[in-house]
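In the part that follows, the structures are each spelled out as structure tokens.
Next come two complexes, and both contain chain A; in the first it sits with chain B, in the second with chain C.
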Partner chain A sequence: MRIKRLIIGSGKAVAVAALLLWSLLPIAFIVMSSFKPGREIFAVPPHYIFTPTLDHFTTLWTRWGVFFDGLVNSTIITAGATALAVIASTAAGYAYSRNSSRFLDSSVLFLIVVRLIPPIVVTLPLFPIVNALQVNDTHVVLMVLYATFFVSLGTVLMRTFIDQIPRELDEAAQIDGAGRWTILRRVIVPLAAPGILAVAVFVVVFSWNEFLFAFIFTATKAKTAPLVISEMIGSIDGVDWGVLFAASTLQLAPVLLFVIFMNRYLVAGMTAGATKG
Partner chain B sequence: MKDRSAFTFTRRGFLGTTVGGAAALAAGPTWAAGKTLNVLSHKVHQTVLGADADDLMAAWKSANDADISFTTFDSNPLQDRLFREASLTETDYGVGYIIDNRPTSEIASLFEPLNDLTVSDPIEDFDDIAHGLVQGMTVDGNLIGIPVRHATQGLFYNEALLEEAGISAPPTTLEELVEQCNKLTFTSKSGTPVTGMILASDLALFPVMFARAFGGDFITKDFQLVPDPAAMEKGLDVLRAMFESGALPRSYATTKNDDQVTWLQQGRAAFTVLPFARYAQLNNPEQSNFPGKIKAIAFPGSATLAADKPMASIVEAWAMVIPKNAKDKALAWAYIKEVSSKRVTLGMALNGNGPVRVSSYSDPALISKNPLAEVEAMVLANARGAFPPFPEAARAQATMLEEVQLAVIGRKSVKDAVASIIERVTPMMPA
Partner chain C sequence: MKEEGKERLRSRSLAHLMPLIAPVHILILSVIVIPSIYVIWLSVTQSSFGKAPSFVGLENYIRVLTDPAFHRALWNTVGIVVVAVHLELAIGLLLALLFASGLPLRRYLLVAVLAPYAVSEVTAVVMWRFLFDPDAGPITQMLQSLHLPILDWSYEPTHAMILIAMLTIWLHLPFTFIILYAARLAIPLDLYEAARIDGATPLQAFRRVTLPLLGPAIVVALLFRYIFAFRIFSEVWLLTNGGPARTTEVVAVYLYQEAFSYNAFGTAAATAWIMVVVSLLLAVGYILLLGKQVNANAH
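Coming up: the complex of A and B.
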């Protein structure tokens, strides 16, 4: 019995180690390579011990200044898209949770279908419209697009969270004279904060890394960091791998830290409603 | 008496300053250029024009009271964006950069024909621009782009590895190249396993080069598909034999263009085929283990190649186009004229651009800065594109590569692969 448990335990440990290796190795390679001297990045056999250098980051700063503008744009767009998506999802989730009608119930299916549409299907027809509205290459257009694509999932998530808040609290607030907005702001939002954070995590990760919409709808003023990285990869006069890895590390770091910090909310978002009877 | 501060700031003053400041900002700085030319290009096109004190376009900007705003993308996304912008009712972009294997008749119709402009408002010494490159930008009789950059393929070799293997000079024929590649498939003194040659398997230019080494081709300028199947078979036979002997890496089927650079820099391969412009990167001491030791020559043809039929290397060129829906075409043409001038062409060449003017190659400054200038000029004289543009070109290339890979790794006989290329690509050819 004890041997069987030991074997199962070891098997689990090996599986977890393999999974960790599988997911962390590419990240470790990128981060380590950004500090390696250029000649050692692809050395065979690989050099695990090396004298770290900040040269690639310095070169990134001097030659690819546009990357840092991209990071600023990414931050602005991510913040705006997250705020928009969270506000809209919370309000919609509340409406879905506290009201019931045939129209509302069938529109939930519509929300899910919207989420399943591949972005490329709507992207190209949108290009002339965005141009005609003269909002091409603005932060706003990406904020709205990112938020739009996440409002459906966010609404479903928020409805599940708000469903778990007893309706009696709404009623008590109503007796005290609170209107719908007051109930939403004073009762629902504080109690659904973990759900709001979970939605925010999803939107932040998506908006920070998104490429397709940014490629189609930006040029210079709202160009995001992933677009600049793609230019580095496709450089026709040769890829400077050290600089590319430095940029990837800087692109990766904020979202990685954010996800680690918000990890428990992300799990909460994924499992919301899982135990609901 | 109460002391008073010498500086007071009233509410009225604060409001006035705020409103005034906002108005000034809204009006824009008075020193800003009157016009802005928006250019859609790859970053390298912007970089070679220099910046700040070394800005090659400084005089033009001042003379035209104009600023240049570059929007840059990677090659394929750039072409995609350019064609989409040119398809709108109106575009903010005055100039776009196009690759010479893209303009089909349909795409060419999106851009302004430039024939009349080259007569009424001529480019300085237009005949000095390589004729082959100009022809590549002429679609249905219309000149739609002015060549600005080329990347011509050469054979790069690691001189240190050749010396280590007792080879005193690089090959002069394809047969010698194969022999040297086999000899250079060894473990070097440093303990690094070396492969004779590394080639990306996802680019059509390599099998085309090997076919041309025997006088063959994939698709000619006049759209003949595999005009000499025997020559194509010989070329693929060579690649297959190299794969079988280990002179091409076992990972051939997954090898990419960037691997060619890193393998050569690391001393893991002795030969590769890359644009001459990669010389600086391959010898960059910060990236390469063999700075100064990686050299280039013309890709050699087979000893059996007729003397009057020189080996035609592959060249890819970029050109500047004006979308038909551009707002200020006069400013766009003025930009193109300036970038195409002898002075700017040479300046860009010194910054690493493949110059499109024949005269640039004889300039002493370029010769001293680029040791490959002479050989590149010689190769460019006979070079042509891998295949001409046509609507199904991308699919034809993918089909050809699929068959080539099967032949090289031994999953299909070379004869069958060539027959399949002809059979499968024929329906894709323009009528």
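Coming up: the complex of A and C.
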């Protein structure tokens, strides 16, 4: 019995070790290598002990200043897209949670279906339209695109979360003379905060990391950080890997910390999002 | 009480609700629905920038469906969907069972599994390109020192597809795992207790209790991942650009090349609608299942 337990225990230990290697090794390699002196990056076997240097970050600053503009653009676009998606989804989620009609129910179905249309499809008509409206290469275009591809999931999630808030609270507020917008702001929003955070995690991660739309709809002024990194990969023969690692580390670190910090809401959102639509 | 409330509200006019739901629907209609419908029109016309479109019927669809480059792209995509998604599901299932069997520091291990969810496709490509760099990558070096074959992904299309599949699994395993793990945790403990009392071995308990009850979650995870893997673009574009000689293109990359490299908006639009139709067919499965689950919950 003890031997059996020992075997199971060591089997689990091996599985956990494999899991950690698989999940974290690529991340650890990038972050570690961004602090390694240039010659040591490709050392065999890899050096785990080295004198950390900020050389790659200073080179990034002097040679690829555009990357830092990219970080600023990514921040602005992520903030805008998240605000837009969260506000629109919360309002709609409230309406869907508290009302029911055949029209509303079928429009939820419509929201679910829309979410499954591949984003690349809409680039074909939107590309000429965005150019004609002269809004190409602006923050607003990406904000609207990113928010739109998450409002359907956002609405369904918010409906699920708001369903859990007792109706009696709305009714009590109504009796006290509060209007719909006041109820939404004073009763629903504070109590649905976990749902709002779950929606926000999805939009933040997506907007911060997105490549396709940024690639098609921006050129110079609104270029996001992932797009600048992709250009650095493109010139890989000339670029030194250290600088690429420094940029990747700076792009990755904030969103990784955010996901770690918010993991509870991410898990809640993923579960509700897949089973409720 | 709840039903009564709903009944009362049902009589309220829809106009009253419009301000609340309008922003979501305006965004979706103007950015997704109307453009997607317009793509149908594009797909039956011949046009490029600045020229007036002319109606050509199904010609674009025929051209796409008979184009060897499209066949290659389609098979590559199907390969990724079939291989990567099923492997991902198997790994996700094993992980979910491992976590459910009781692990120390489970909270922290869960965060470790979630970590790749935060990584952008661009950064993931940088990571895996470095690890598997054919000349100097750490994993290549390790494989060479063990006299194992290496992934020569910049020349060998099959090797490139293997690397893309690994990358995809790495990025999306967190999602698949969470869906399955949540479903596994929802299985009542009494069922395992009952199985144990009836003398079931752990393997029998897995086959008779775990697997049937995870069924719906497995199908949901699969359909979601089919739909999302079918639209794969960035990983392929950033790793190989579809090359060498269009051998590693996937459907979305083919679409992009038609539209933005060759200016053939008609065939690109036809490709786009083929993608929409495939996605919606998979979606029908998902929605039917969702309806079934809602009914099951109601009982």
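Annotations for the structure displayed:
Heads up, the rule we're going with is that the second predicted complex is superposed on the first by the 253 of 277 C-alpha atoms of A that agree within 3 Å, B and C clash if a C-alpha of one lies under 4 Å from a C-alpha of the other, contacts with A are read in each partner's own complex, and residues count from 1 in each chain.
Simple rule for what comes next: a contact is a pair of C-beta atoms (placed from the backbone, for glycine too) under 8 Å apart; a residue touches a chain by one contact, two chains touch by 3 or more.
Values in this document were obtained by computation on a predicted structure and should not be read as measured data.
When both complexes are superposed on chain A, chain B and chain C occupy overlapping space and clash.
The partner of chain A that touches more of its residues, comparing chain B with chain C, is C. When both complexes are overlaid on chain A, the residue A:V44 reaches chain B and chain C alike. In the superposition on chain A, contact of A:S100 is made with chain C only, not with chain B. Shared-chain residue A:V121: touches chain C; no touch with chain B. Of the two partner chains placed by superposition, chain B and chain C are both touched by A:I233. In the superposition on chain A, A:L256 makes contact with chain C only, while chain B stays out of contact range. Judged by the touch definition given at the top, the superposed model places A:T220 against chain B, while chain C stays out of reach. With both structures placed on the common chain, the touch criterion links A:S33 to chain C but leaves chain B unconnected. After superposition on chain A, the stretch of chain C whose C-alpha atoms clash with chain B is 146-154, while the remaining options among 38-46, 146-154 or 290-298 stay clear. When both complexes are aligned on chain A by C-alpha atoms, chain A residues 42, 44, 127-128, 227, 230, 233, 241 touch chain B in the first and chain C in the second.
Touching chain A in their complex are the following residues of chain B: 38, 42-44, 47, 69-77, 81, 84, 88, 151, 192-193, 258, 261-262, 265-266, 268, 277-278, 281, 284, 286-289, 352.
Residues of chain A that touch chain B in their complex: 37-39, 42-44, 55, 127-128, 131, 215, 219-220, 227, 230-231, 233-242. Every residue of chain A that touches chain C in the complex is listed here, in rising order: 12, 15-16, 19-20, 22-24, 26-27, 29-30, 33, 42, 44-46, 87-89, 91-92, 94-96, 98-101, 103-104, 107, 109, 111-114, 116-129, 144-145, 147-149, 151-152, 154-155, 167, 171, 180, 184, 205, 208-212, 216, 226-227, 229-230, 233, 241, 244-245, 248, 251-252, 255-256, 258-260, 263, 266-267, 270-271, 274-275, 277. Here chain C touches chain A in the complex through residues 2, 5-6, 9-10, 12, 14, 17, 19-21, 23-25, 27-28, 31-33, 35-36, 38-39, 42, 49, 94-95, 98, 101, 103, 109-131, 136, 138, 141, 145, 170, 173, 175, 178-179, 182, 217, 220-221, 224, 227, 230-231, 233-234, 238, 252, 255-256, 259-260, 265, 268-269, 272-273, 275-276, 279-280, 282-283, 286-287, 290, 293, going by the rule given at the top.
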